[in-house]
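Here come two complexes built around subunit A, the first alongside subunit B, the second alongside subunit C.
Presenting the complex of A and B:
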């Protein structure tokens, strides 16, 4: 059966990159479910996978926007740490672990504001067009982490997270679903719809696809880039809140590879590093592939470190395919 | 002759030490295809960039329907009904035809979705299909990213975008440069159809046979000035090339530069304001 004989919806589905990544995810889940019947596909495992993935998903949503504009943000792990330290220091000076709800609320706002402001600053530098996003955010990676270390002397302060925050967002559940997962799902749906169905979304794609055309069409490219990087920073700030709630500490040294993990997930999900193409749905799939691999390999009794090997190979393959597609299009 | 639609008088533009335009004139009439030709460096692009709002002139006057205008940017020109089809087409290859058509002018949904600036994709798609039909263009797949379309179809999308919003003037910069014979014919048909709707079409082209076949009038730029204006029906390629390169000036030295050309045009019933070499 050739492609033209397929119904319209099937052809449209095949054109989407998510279709292929989703197929890989389905195959993985099926394989692990069959190899370890009743062990992999349990409520506990699914919940555990989702909780582990929640923070990466929130970061990945922001990164999807950034990469669609043909940008990159290497600083997210450091921005998360800086936002966590800012919120944590406030909490420590306002009651520490026993802090009240008001302190919790203020610390959340601080984390979000620090993240968004840092992102906006990086976005403004990228928007000048003088410094590549890679360098701006590489500088941001070092500077944000350095500021966090200066503020804390390099040690994770104790009492950075209020017990109220940990017991609610951190360990709490609604209808059996952890709040962290609910929050990540809401963020994903909201920003997925924003990207796919609004003027802000289509302008994001246009800027990554052809910035000169976007400018000529009257899109304020610079201002839009500031918003996109600020959104990334805001979500890194939200990630900081989720981290504090979940682990109760700032983990200053624990986020140096967040950027690589998140970029990997976004690219696995079919978002093009060259800009112009991608989706939040793809990123969801891309976040879950490494998460499913890790849990699955443990369940079937293979060393979980094979996960790193597998993800690395799939990532290189995905970008190779993307490059081929790009060249095919430019030839026509 | 009706009143000029878009006119430029004595436009001057310097880039550093280079004087790209030294008092250039230009006139476009409604319902007319006017070709703007000139050798490389004659100032065509600068003049078009000024008339379409991309670049601001140092001196000179531009009038649209008799009223003086000064465009602050391409968007300002577009608000006045002046559109441009750029040589590189200026499309976003990853977006579909409808999204490209409405890029920067998206149709938004009303009701409770209004504050979110949600796109009304069905409305944009319907309007896009209609816009292409008006140009006699059938797109194989309206949902395909324009990067996957053929060169001719991409060109059609760029032209359709300009046509859909141009109420007065369209500039087309080398619209057929990258096209095959059949596609070229379609684009030129489109140019004529747009003209017949009363819009002024300004065609920038290096292809002299094409200029003569599609343009009603030809204006020639040389060294930053308008040196001649021909009626296409009464002109030959040799005349156009002569005016572009200045080689026609020399034999008429006794009459003063280019006055011979002026006389020729006048005699042929060409537009009276052209044809001077100074």
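Presenting the complex of A and C:
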């Protein structure tokens, strides 16, 4: 069957960046399912992969926006910790583990506000055009973590998460699906549609493709960048809430590689580091490739270090394929 | 304690230490002589690895009490972080005070040797507590937990909790840390004595709770008979507890973790951890002071002492003989 015989939707699908990484994901799932029948790709296994991917997915959605504007945010892990510490400190002083629903609600708002405010500040600095996003967020990476350590003396405070929060968002399920997964899915759909179907999304792509042209077209580039980085911060704050809910502690030392994990996922998903191209759907696939590898390799019984090798190879391969296809497209 | 935070700037610091050595060698020749003399109040200074760590706080409290009982002066301080660059200025400031005895938990096995050598050459008796340095000429006594033994204690307690059957796995922080490697060695050796228990190869989570959570859940998928986990540190234990709870296996899969810090005791009460293997920081502190006082009096000194570890479970945690092993957040 030649390509022209394929229905229109299939041909369009093949041209999408995500088609190729999705194929890799399918191959991985098929391989592990065949190698470990009855152990991999069970309901239990899919659920646990999704739960473990949920927080990275939420962060990845924000990072997709940032990278589409040709920016980068290295600070997300630290912003997550800072937001978690702010929410945690409030909870500790308002009932700790036994805190009521009102405290839970306020602590969530605090986490979201801290994240969004930090993101907006970084966005404003990036928008001046005088400091590269890499440097702004590298500074943010250190400063946010430092503030969190000052507030706590460097030790994770106990009682940072209310039992109500843990038993609902952290471990609760609706129709058998963990709330963490439901929340991540809602965030993904909402911001996927926002990126693909609204003027906000169009402006995001335009700024990443050509900021000068975007400015000439009347797009308020600076203000839009502030919004995009604030969105990233907001989602890091949401990640902090999800973290507190599922782990019950701020894990100050446990987020130093979040940024690399998330950027890897976004790039695996076909979003261009040079800006202007990308999708939330791709990021979903990009988040699940490492998640499937982690679980699959343990289930099959292969030494876990192969995961780093495999993700690295897939990452470089995905970007290489993307470049080849881009060149072919430009030639025709 | 004192296990996870070996830092990777060691080479750089060693270089700095070498430079410092060159400086201090020229100045230390005049310092010896008077400080070993008789009579008067002797002074002991204790410098711990991390000031705010309950393990070290407990050690300090015990050492202080013992010093008071023996009639020697006592001062204590500790690094704000597990970092050579933070601890070295503290140690160097002790050199100026020239106490009769110094107890120290060095945060690096080599970088602090020149400073300690200088203090020792000036006549101060040095005891190494918890951690140590590789140079054997430093210190008259070294007192720390017997980590291989600790691993065995952990294995026996966990095997009992599991009913001596099923699979067990070790999830640790990273390979190449002497204390945790010893614990894993002791644990694996001891588990081999239980024919009904099979040990799955060790996983490392790089101190990331999220990784530990995913690893434990994947292990459950591959080994449905998983009955026990040995967690390398508190972060790892937290990740494992979350992973097990999400998988609905909390309590069914038994978790053993090291130390008995306040939040770990809380986790034990909440049944997210079933066994804690506590070190005995109080005994380390007490015996260290005893050894230094013996040295002051010219009595024989034991060069190396390994303190015991004890397994704490929900069943025995209220027994005063066991609960005394809980680490303290303050004296």
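Everything below uses one rule, namely that the second predicted complex is superposed on the first by the 310 of 332 C-alpha atoms of A that agree within 3 Å, B and C clash if a C-alpha of one lies under 4 Å from a C-alpha of the other, contacts with A are read in each partner's own complex, and residues count from 1 in each chain.
The criterion applied here is as follows: a residue touches a chain if its C-beta (ideal position, glycine included) is under 8 Å from a C-beta of that chain, and two chains touch if they have at least 3 such contacts.
The structure presented is a predicted model; accordingly, all values stated were derived computationally and were not measured.
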*Check subunit A with both subunit B and subunit C modelled on it and let me know: fit or clash.*
fit
*asked:* For A:284 in the superposed arrangement: first (subunit B), second (subunit C), both or neither?
replied: neither
*Thinking of the overlay built on chain A, is A:42 touched by subunit B (first), by subunit C (second), by both, or by neither?*
second
*Per the overlay, which chain contacts more subunit A residues, subunit B or subunit C?*
C
*Given the touch rule stated above, what does A:55 touch, subunit B (first), subunit C (second), both, or neither?*
second
*Where does A:241 make contact in the superposed view: on subunit B (first), on subunit C (second), on both, or on neither?*
neither
*Quick one: the Cα-centre angle at subunit A between subunit B and subunit C, nearest 10 degrees, please.*
140
*asked:* A:209 in the overlay: touching subunit B, subunit C, both, or neither? Say first, second, both or neither.
replied: first
*A:200 contacts which: subunit B (first), subunit C (second), both, neither?*
first
*So, A:299: does it touch subunit B (first), subunit C (second), both, or neither?*
second
*Identify the partner contact of A:218: answer first if only subunit B is touched, second if only subunit C is, both if each is, neither if none is.*
first
*Closest pair of CA atoms, one in subunit B and one in subunit C, after superposing: how far apart in Å?*
35
_Which stretch or stretches of subunit B touch subunit A in the complex?_
74-75, 78, 84, 86, 88-95, 99, 103-106, 108, 116-119, 121, 143, 147-148, 150-151
*What does subunit A use to touch subunit B in their complex?*
12, 194, 197-202, 205-206, 208-210, 212-214, 216-219, 276-277, 329, 332
*Quick one: in the complex, what on subunit A touches subunit C?*
36, 39-40, 42, 44-45, 48, 51-52, 55, 153-156, 158, 170-171, 178, 246-249, 251, 253-254, 257, 291, 294-296, 298-301, 303-304
*Using the touch rule from the top, collect the residues of subunit C that touch subunit A in their complex.*
52, 80-81, 201, 203-204, 206-211, 213-215, 217-222, 235, 238-239, 242-243, 245-247, 262-263, 266
